[in-house]
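Two complexes are shown next, each including chain A; its partner changes from chain B in the first to chain C in the second.
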Partner chain A sequence: MIRLALDILRADRAKFFAMILAVALSVFLMQNQAAILSSILTMTGSQIRDVPSAGLWVMEPDTECFDQAKPVRDTALYRVRGTSGVDWAVPLLKVDAFARSENGKLTLAVILGVDDTTLVGLPPRMVMGDASAIQERDTCIIDPGGYNLLFPNEPHQLGKRIRVADTFLRLVGISDASPPFTGFPIIHCTRSTAIPLNRGEGRNQTFILGQIKAGADPAAICASIQATTGLKARTATEFKADSYQFYANQGVPMLFYVVIAIGLIVGAAITGQTFLMFVKENERHLSLLKVVGVTRGQMTGMLFSQAALVVAIGCCFGTGLATLTTVLSRTQPFLRGIFIPPWVAVATCGALTAVTAVAVLVALRNVQKLEPAGVFRG
Partner chain B sequence: MNSPNQPHPHSTFNVQRSTFDVPNSSFSSSPPLPPAVSCASIHKSFGTGEARVEVLRGIDFTAAMGDMTFLVGPSGCGKTTLISVIAGLLDATSGTVELFGTEVASLSSRDRILFRRKNLGFVFQQYNLLPSLSAAENAAVPLLAAGVPRSTALERAAHLLDRLGLGSRTKALPKILSGGQQQRVALARALVHEPRLVICDEPTAALDAESGHSVMELLSQTAVHPDRAVIVVSHDNRVFHFADRLAFMNDGTITKTESQTALQEK
Partner chain C sequence: MITRLLLPLFAAIVLGCSILSIMRTQPLQASAEPPVAPPSSNYKTRVAAVGLLECNTENISIGSQLPGIAAEVMVKVGDSIKAGAPLFRLDTRHLEAQLAEAKAQLGSRQAAVRTAQAQVVTAEAARNEAKINLANVESIKDGRSLSSEDLTRRRTALESTNANVAAAEAAVAAAEADVLTATAGIGVVTTDIERSTVTAPIDATVLQVKLRRGEPVIAGPVTQPWLLLGNTNPLHVRVDVDEHEAWRVQPNTAAEASVRGNADLRASLRFVRFEPYVIPKASLTGAATERVDTRVLQIIYELTAPNLRLFPGQQMDVFIESTL
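Our next item is the complex of A and B:
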């Protein structure tokens, strides 16, 4: 009877394709928006994630996310190092400054001055060049998105110069830094190179990066640092969550939620309505099947199999389309971080499945109400 | 009742009525068979209060195995309601209906469906074929519903369609078949699972005279069988001569019942 049900469904091509299209577009819309939202919120932790060796981040108490960090006193580094349970600690200076290329392109950039000796704070991978080359004074590395902003339509080439404040930084590498939430270029150099670029409050470190000794309690150590330095200490995981939450509470996600909800509602409305219409138009045939002895269980199986086929094909098309647009987006440097998290794909397909299942249950209720004797009417 | 070994008196094809091999046939058994259908004091009304309409008013009706019984009468006299009650598709307001000794109303909803699936076959005025299925698939629907493997079901349906003269159209969709051919597919669907009771509702009403006569001949030849009762609802007096027995209905009651022989003698 399942095959018979699918034959009946496929025969009504207009409704069959309308339902598939509705599911596909709905899934695409939801996955696309959810992927963008999820990706950009994930980007809020890009620069934290790029320093996997640092499990401990110490910052000013008012700091809520990586992008809005105030510098800390230089003496704090020694107090952190002296805290029991801290394995090591190094400074990281973050400077927000205008960067100008030789051809005149100007953009605000995030300059990260890493510890001169250990170079802790550099991203783990390079696209071009050697990261350790920044140990030479007034040199830097830049992420691909930033390179594209400062040197549009130019092939990757080392040796170019970038002017920040009154200093010319020579490009010695292109890093594979994760795309930042802000979209600004991420320029890495040594802290000694970055200090002259910092026109802030005379404090030359923004974060203290460290690692907790194996077996130590991270929460206790963070509390101890806070008590001795008056600074905020967070594990890398906590800091990523703080940054994520900071942006998630800014209202921007609401716009995505609205579009996702619209996708679900439109998909549900079209799919559900079309399926109900399909069942309505087949009432006479369903009555006939009841007359010839199709049981309620068989009828349920038939309707669910029809819906399952529509949802399966629709979800495949929708997910495929969303994946295609994501893959195409990733060719743009600042959209490198766009991806469809597996849970988004599962959740959107699950939502459509649930909505369609509701439509089937409503249709089933209508079918159960069908008077089989109606089939005798001419 | 006609002897099954004799050609049907009205068949122009002069073919034995039953051409099916049926196991456990009581073809030669001499004791009288119990009625296939037995209705006693059937009342059926719709609506309540002042809107209440009594469609059946105390029907007593029987249909015997091996007989083709016609229910005849004007439109609106309650013929279709009566066969709906007999088939267990509607519940009588009062009275009892027994099919092969089983009181259908006493069965649960599921058992009633299973009983109908096993014992009843239907032919409708408008054929009611599923437009997206081929002739063989349409004919095989009762077997598929009963869980018979698809290949077996289609094979049996195709075999039956062949006997009904549609051997070359088994894969055709209903929309390319003529009305008479569609009704033959519907007839195959009614018989493919070898039911003990076949109920036909105005099987010739949507057909021209020639096609209607042809369908009735096939129905007479293939459906009528000692182990099966056939009830035909019709007001088409051109086909009354196919009946073994005629029950005349009017205004919710059976006014008289006559055998074909008695009718012809008149």
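Our next item is the complex of A and C:
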């Protein structure tokens, strides 16, 4: 019976493809919007995620997110190091300064001065060059987005010079730093190179990065750092959540939620409507089946199997379309952080399946009402 | 055929590719070890601080008592020297000229002494003659053969020669005093010549030489010392502890210091003393704009690290065990 149902479905190719297209487009729309929202908000934690070795972030109590951070005292590093349960701690200096290229391009940039010896704070992957080359004084590495801003339409090339304050930084690498939420270039150099660039700010540490000893309770260690030093201590996960929340509270996500909801509604409407139309137009065949004694259970199975095939193929193509868009977006330096979280893919397909299931149930009710004699009508 | 087989197959391929792509584009989540191990400590409760290596005599900035031009620098950086060894010498030509002048003066003063002494002899001879003259007339008992005028003249002559002898003796004393002055003058110039050579106050190693032959030296304290000396065996670590943590530091607990750049190289520390006055933290980064808003307690530790090559002035990461 199920094979018969699928044959009926495939027989009308135009309608079959139209239904698949409806499902695919809805899935694509929802997935794409949810992925963009999710990716953009994930970018708020890019620079935290880029330091996979640091599980502990210590900052001034006023610091709410990575991008707006107040520097800490010099001795904070040693007070964190002196806290029981902390395995190690190193300083990170963040300087917001204007960067100029030799051809006159000017942009505000985020300069991260990493600890000179341990280099904790460097992104784990490089596009070009070797990250440890920044140990040489007045050298830096920049992310591809930043390179594109400062040297538009130029192929990646090392040795170029970037001027920050009165210092010329020589480019020794292009990092694969995760794109920041703010869209500014991310420049990594050593802390000793970054300190002279830190104009007007007397303190030369913005964050203390550290790791909690294996087996220790992170929450307890964070609480003890807060109690003894008066600084805010967060695990990397918590700090990512803080940064995420800081921007999530600013209203931009609301717009995306609206678009996702519209995607769901439009998808539901189109898919449900098309399926209902399909059932409606096949009423004659269905009546005939009733005549030959197809039971109610068999009828339910037939409709569900038809819907399942459409939804399955539609979801595949929708996800494929969304993935293709993502892959194409990622070739752009500033959109390289766009990705589809697996839960978004699953949830959007699930939502579409649920909507279709509702449509099938509605259609079933109509089919149940069919008289076998309907086959003679029209 | 197309809808029955190819379409689901194509959909499955698209799905497979999508899943692969989604998996590959996920942001990094894995944690990793730092590229170079940061310093850490096994002390359960501890105070962490930054330490600066220095000599056990502290670092001695050698100054000069006299201004001048360096004529010779006798030591090189890294030399081990004994107390009293010459370090550098200023140009002393003008002092040597003064010495020659003073010596000549001494000679002339000594000659003056001899002249004065001869005058004493002359005066004494005259006095003897006067004495004899007087004695000759006084021995005559018959007063008629002698006029009282003659007697008075002879007595007066004796008094006058007495006075001449006294004057001549005083002249000798004055000339001798002049000789002493001239000798003292030679001493002054000789001392200045000696002081033009600066010597080592203690047994030490030469840490820095910022003076080359021909360069001017000024007397008194200078920002950049001409020479830096100190005894480097054993080295001391001057540890800066945040004033908020100072109460937790106990003397004579275990302490260790790790070398910047390779935290695995460690040296154990022995407590020497507290510097009892808490001072504002020094700017170690060298940035002129650095804001110093912390006071630190300084603690001196002795470093025992026979296998490490360490130098005064180097920074170390220090951990001090504490029971508080």
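Note that the second predicted complex is superposed on the first by the 369 of 378 C-alpha atoms of A that agree within 3 Å, B and C clash if a C-alpha of one lies under 4 Å from a C-alpha of the other, contacts with A are read in each partner's own complex, and residues count from 1 in each chain.
Keep this in mind: a contact is a pair of C-beta atoms (placed from the backbone, for glycine too) under 8 Å apart; a residue touches a chain by one contact, two chains touch by 3 or more.
Treat the numbers as computed from the prediction; the structure is a model and nothing was measured.
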Which of chain B and chain C A:298 touches, first, second, both or neither: first
Contacts of A:10 with chain B and chain C, given as first, second, both or neither: both
Contacts of A:202 with chain B and chain C, given as first, second, both or neither: second
Partner chain in contact with A:288 - chain B first, chain C second, else both or neither: first
Which superposed partner A:1 touches (first chain B, second chain C, both, neither): first
Touching partner for A:74 - first (chain B), second (chain C), both, neither: second
Which superposed partner A:192 touches (first chain B, second chain C, both, neither): second
Greater chain A contact set [chain C / chain B]: C
Chain B and chain C footprints on chain A, overlapping residues: 10
Residue ranges of chain A touching chain C (in the complex, touch as defined): 10, 13, 16, 42, 46, 49-50, 52-55, 73-75, 77-82, 84, 87-90, 115, 117-120, 122, 124, 132, 178, 192, 195-196, 198-204, 211, 229, 309, 312-313, 315-317, 319-320, 322-323, 326-327, 330, 337, 339-342, 345
Chain A - residues contacting chain B, complex: 1, 3-4, 7-8, 10-12, 284-285, 288-296, 298, 371-373, 375-378
Partner chain A, residues of chain C touching it in the complex: 3-4, 7-8, 11-12, 14-15, 17-18, 21-23, 25-41, 44-50, 240-242, 244-245, 248, 260-263, 281, 285, 287, 289-294, 296, 317, 319
Contact footprint of chain A on chain B as seen in their complex: 80-81, 83-84, 87, 89-90, 109-110, 113-114, 116-118, 122, 124-126, 128, 130-133, 137, 141-142, 144-146, 150, 189, 201-202, 205-206
